[in-house]
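I've put the structures underneath this note.
In the two complexes that follow, chain A is the common piece, with chain B as its partner first and chain C second.
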Partner chain A sequence: MSSLATTKRQSALGRRLRNNWITILIFLVVVAAVLLFVPAFFQPANLINVARQSSIIGVVAIGMTFVILTGGIDLSVGSTLALSGVTMAMLINSGLDSTVAIIISLLTGVVAGLINGIGVAILKIQPFIVTLATMVSILGISLRVTNGGPQAFDNSGDIFNFLGSGDVFGLPGPFLVFLIVAAIGVLTLRYFSFGRYLYAIGGSSEAARLSGVPTKKMLVAAYAICGLAAGLAGVMTASRLSVGGPTAGGLANLDAITAVVIGGTSLMGGTGGAIGTVFGALLLAVLSNLMNLMGIGPFDQQIVKGAVIILAVLFAMQATRKRISDRRGAAKALPSSAENATADPNATPGVPQ
Partner chain B sequence: MNQRGFVDRPAPAAEVARSQSSPRLEVRGLSKSFLGANALEDVSFSVAPGQVLALIGENGAGKSTLIRILSGAHRPDAGEVWINGSRVEIGGPKAAEDLGIATVYQELSLFPDLSVAENLVFGQFPGKGVINWRTAQEEASRFLHGLGLHVDATSKVRDLSIAEKQMLEIAKALHRRAEIVILDEPTAVLGGEDVDHLLRLVRGLKERGVSVIFVSHRLEEVFGLADRYVVLKDGKLTGLGDIADTNHDDLVSKMVGRNFSRSHRSVNRRVGDVVLDVRNLSREGVLRNISLSVRSGEVLGIAGLRGAGRTELARAIFGVDPITSGEVSLHGSKLATKDPLQSIRAGIGLVPEERKTQGIFIALSTAANIPIVSMLKRGARWVRPAAERQLALDYVKKLRIKVANVSSPVASLSGGNQQKVVLAKWLNAGVDVLILDEPTRGIDIGAKQEIYELIHSLCEQGLAILLISSELPEVLALSHRILVMHHGEVAAVLDGDTATEELVMFHAVGGKN
Partner chain C sequence: MYITKKRLTSWSAAVVVAAALTLAAAGCSASSTGAKSTPLEVGDKPAPSLYCSSTCQSQLVLKAAPASVKCSIGVSWSATSFPYGATSSKQIPELAKKWFPGMQVTVTDGQNDASIQSGQVDQLVAQGIKVLIISSRDSDALKGAVDRALKAGVRVIAADRNVNTTVDTYIGSDNGEAGVVSGQNIAKVLGSSGKIVELAGSLGASPTIARGDGLRTGLKGSSVKIVTTQTADYDQAKGLSVMQDLLQKYQPGSINGVYTHNDQMAFGAIQALKEAGRDKEIKVFSIDGEEKALADIKNGSMEATVGYPIVTKESVIAAAKLCSGETVDKRIKLDSTLITKQNVAKYVGKSPQDE
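Right, the complex of A and B next:
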């Protein structure tokens, strides 16, 4: 038993890599294939482009990870992204200082998230329904205040340059923002007690409540964070395009959910994390960039993207299953715990494996 | 692996020669190993038609492996299975069903949103192509009635009690003409009356000539029900024979492989001041006017039938469910019992009834599970993984938790070890009052004994303990006083030294002095 315990021990990094190895492996295989068939991909200019493309969905997806970990979902992030961009554009056009305008736009995202959180945690409506409703309403608000038209504004300030398109040491500003957001997300989920409570709620909200976790407060906070991330993504989008468009959200909600799921976070909540999401977002950006380079039309791209989602999730499931059976194997090798497999709630009695 | 504790296994051949006709089921020299560890080693026994065989053993003894082989989920590495005198291969679950073997697991395989009748005839629908639902319903009603099972065939399975669901599962097996029914700890999740009901059904099976393999941790049931017994320990047969020729202590010593006498009553005698005081606690329609107090170093047992309001009382004290009136005080100061976190900060802990969904976070690791309450209590902002690991290793040692790696999800732990993780969670947070709701349900005897010892040592450290349990011997052995509940009220408070099972039951069923 003791020798087993020592061989099982490994560095935290090693464990992370092992836990996310499937996503990383797919990533590497794709890179190798690309090296062969689409060498243009590795032009520095193109790589920078990929990084830029990944950043906005990446930021939204990091926020989404918080919500999905609790077992929830947020469909309204696309609408929130658009509203935030519209808000910023209109405030700047009305002569407000750009920093203040950005802060107010971010707060718009937080408010949207708070509304979602209250609907889920206090009113106890299913997350899907609450955020479906806010998705529609928030889009309505954007369309109403803009009368349906995109709001152009002057994005010549340094801050917009950084958030939207500028370079810092050769890296695109939005990508740096994504990396910072991702780092904050990873650290919060792993090293803040708040993060631990979100995993606990996603694992079993009843057990969390009985352990004293203020589940309502935590849920509201998770949705608020998701809203904040969507707001930030809205500011980034508008900064880049010099326009706040009421329909800028597009399918950002689905793309973000895709990135989270490909990254290995379970839609049931309780397992996963932000590192996976970073890779998920990168994978999506790489995929669409590659298809562009290969001259695949936008319609076909959609079809391929759907197929890739299924494949990635299948792989991830396979990896999880293997991890579980490894663990069971290890447990069985221990004397007097040969029946551990039956303690697993996922074990299906009577089904051969 | 030595053969310690193994005494009276007759050779399989002798077993065959002894029986007149061929047994319903016979296994010969069954072995199975996983990754080099023997889960089952050369196990042989037989069951006659109409016989109930009790399969006994601690968790990890190989019972599940044996059942899984018989139900076609695992293939044995060596050995033979004979049914009605001919050798069979159980290639898969379907093959097992065709051979007349039906297995009823704790986690049931019914469709909750279909009706009783639909579940019963599922896969064998009457009518050609189009299902004749009226026939199905009539047939189901008749069939269930014949078994003495009085449930409405049109009601949804979701609305049945756990006991009714289990009985329906057994009925389903019979409907498919099963001749061998394997029941995997059917009573572990049931309360008192439900158990009786189920046991009656099993006796009915006997009369129909069905052979039953009955797995249970409750030896009392085994004595009331089984004809023969098989004891497994570490995958080996350590006992086999007629129930009439054995007794409780004998079976337990075969299970644990050492001499064992039923835990003798030993309670902590240094009882201090009142810690928890509950006055006139009421909750509309659930609890009425309940007053109780627990002293430091004392165990107050709470007994009662299922539905008497024991769990509801625990939840009300802990502040999970709202109360209509009454108050809870700790060390003399009144608590605003409306939020578990406030109760936790005041020093109350609750080990809930449903371990997997309420007690532990099954996807989190042992190391992540243990500190969670203390983090909340202290209002900690940070998680320190290295410190958590060390803390977990300390508790693994202190509570003898069997775990391969404290960083793997607790899902891979056995029930008893999961329960120890729940206890560690509360001990680490520091509590003055610990409410234990069915702390040993579904846990094997060895782990049970360890939890009893732990309760005892916590008492000696001055904790006040509320022990809710459906197992009367447990309540009687551990409690200083026993509060018996009936229909949401206190029916009696008995002295632990003089109380008997009969006396507790008398009050639990609403008897008056």
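Right, the complex of A and C next:
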């Protein structure tokens, strides 16, 4: 056990690369092809645009990773994003201090997430259904409070500039926010018991519960985090546009789920992680930017986007399968820990990412 | 780490209560302050809007005394999740209350689903309405329900979007014509050097097709070129990011105009132009005429928009006419008004999307 654990620890970076190699490979291949065919892509101004364009879906997708790792899903993030943006715009118009308005908007996201979490963990309703219902209701709340119209507000403050349009050290503010959120996500999922518990719940909720994981609490927390991320994305969107729109979320839920899945996190839960999601979100932004630069027609863009998603997921699935078979191999060598390999994350040799 | 069931229940109950309170608080504070969608300022006497030409006005002369109009009408809008639908569903009952105290109005929201809307129309008919104002989700899918209403003796007004059957009247402006007006203006402003990009609305939607075809008709005979068309789904955020990409592809000097299928996408495009420092080089031409677009025209960040007016006043007056047994022309068309810096002052505060 100890020798194996040491080897694993030593090659942590290598393993992480191996686990994500397909996504990274696709990313690199795309980059190489682009170098050849679309040199305009690598102009700094364009790269900054892409970074900016990936940020909002990226933030939502990091939150979504927490939920999907537990084997759940959150369809309500787009509505939550809109509600949070609308809340912020209206509170600022009512004369409230911008920081307080932002905090209340983020809390709106947390509350939406808590409701989802309670529905899933305590009322035991399927995540798809709970979040489908909240998706509809939350959109209704946004439309109700705005009478269906976008809410313009003054976004000239420093904080909005940072969250929306500004640059820090030459990097777009929203992209920095995305990177910070991603870093927090990666650290939480990798190094905190909370993160490890989420993997355990995704592997087998019952086994996790039997080995003492407070599954309900953890699930509620995962959805709350997802809601918080969606709320943050709403604040970012509104800061960028100086408008809180009740229908702003659009298809953010599907884009975020796509980013998570092409980042190698399984919809079945238990495997994957936040680093893959970062690449997933970047891949989506790069893809749409590239197609615009290449002048691909709007109809063809949709066809290509769908095909790329399928390919990326196929590759990601293969990588996951390999990871699982690796882990089985390791588990066979360790009969004592094989039984609850997924249940107790600390005893799991092939710790995912 | 075990939590007893009892503790868990009380804990979750507390969270639910807190959640509900926070949401309610957010909702209340917001609704009390932010719902500043232009208060309706109309005269006590029924009158059509600024965008109803003299022909249109002559079609909407009510012979009966407003106080004598007594009947129940139903309003069936395709959806209220977009500003046009939301404003219309809100204004019609308000106008009716103000102008015709004897008119009872029931409003339904089709939630962007033709079958839901169809069921709602049946229900309105069953309730015994005399006049139906319908803006259909789909001109074919709502044909059945509207035919059933007509058969039951209900008079039908198609508002903004027509239904594919013989209704009493169809009131609205014309998406294709709005595109033509904008195209002719683009040809006039940009002249022979014109090279524009087109930000289209949602693919396959009928206004997108009409506004795109209209542009091409309007540009006929000029040498203005449409260098590319991309969709931004009528969405401001997408308008911004697609325009950023297009500015990257078309370096300074290669385009001098952008045509957007609605004002929301134009707002995104304007932001992209300003951030890239190319707002002086590229002119923005749009459709709709939101209040904010008028402000943008005034301050020079938008070159022109073409008004796509709401038809609430006209619909209510037509409903009153039908209630009183008067005849109404089969087609009442509102203007596609070109709004530029020269004439914008006339429309500020009375934008096509509110008035």
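Remarks
The definition used in the following text is that the second predicted complex is superposed on the first by the 307 of 353 C-alpha atoms of A that agree within 3 Å, B and C clash if a C-alpha of one lies under 4 Å from a C-alpha of the other, contacts with A are read in each partner's own complex, and residues count from 1 in each chain.
Just so we're on the same page, a contact is a pair of C-beta atoms (placed from the backbone, for glycine too) under 8 Å apart; a residue touches a chain by one contact, two chains touch by 3 or more.
Worth saying up front: this structure is predicted, and the values here are computed from it rather than measured.
Of the two partner chains placed around the shared chain by superposition, neither chain B nor chain C is touched by A:S156. Once chain A of one complex is fitted onto chain A of the other, the partner contacts of A:G148 are limited to chain C, with no touch recorded for chain B. In the superposition on chain A, contact of A:Y191 is made with chain B only, not with chain C. Looking at the shared chain after the overlay, A:Y199 reaches chain B, while chain C stays out of its contact range.
Shared-chain residue A:N49: touches chain C; no touch with chain B. Looking at the shared chain after the overlay, A:V213 reaches both chain B and chain C. Residue overlap on chain A between the chain B contacts of one complex and the chain C contacts of the other covers 212-214.
If you check the complex, the residues on chain A that touch chain B are 1, 4-5, 8-9, 12, 15, 190-197, 199-200, 202-204, 206-214, 270-271, 327-346, 349-353. Taken together, the chain B residues at the contact with chain A in this complex read 34-37, 39, 58-65, 68, 71-74, 92-93, 103, 105, 107, 109, 184, 234-235, 318, 320, 339-341, 343-344, 350, 352, 356-364, 368, 372-373, 375-377, 380-385, 402, 404-405, 407-409, 411-415, 417-418, 425. By the touch criterion given at the top, residues 40, 43, 45-46, 49, 52-53, 56, 83, 86-87, 89-91, 93-95, 104, 107-108, 111-112, 114-115, 118, 122, 139, 141, 143-152, 165, 212-214, 216-217, 220, 237, 240-241, 243, 245-248, 250, 288-289, 292-293, 295, 297-299, 301-302 of chain A touch chain C in their complex.
Interface residues of chain C facing chain A in the complex, by the touch rule stated above, are 1-3, 8-9, 12, 15-16, 18-19, 22-23, 26-27, 29-37, 80-83, 85-87, 90, 200, 203, 228-231, 233, 235-237, 240-242, 244-246, 248-249, 264, 267-268, 271, 275-276, 292.
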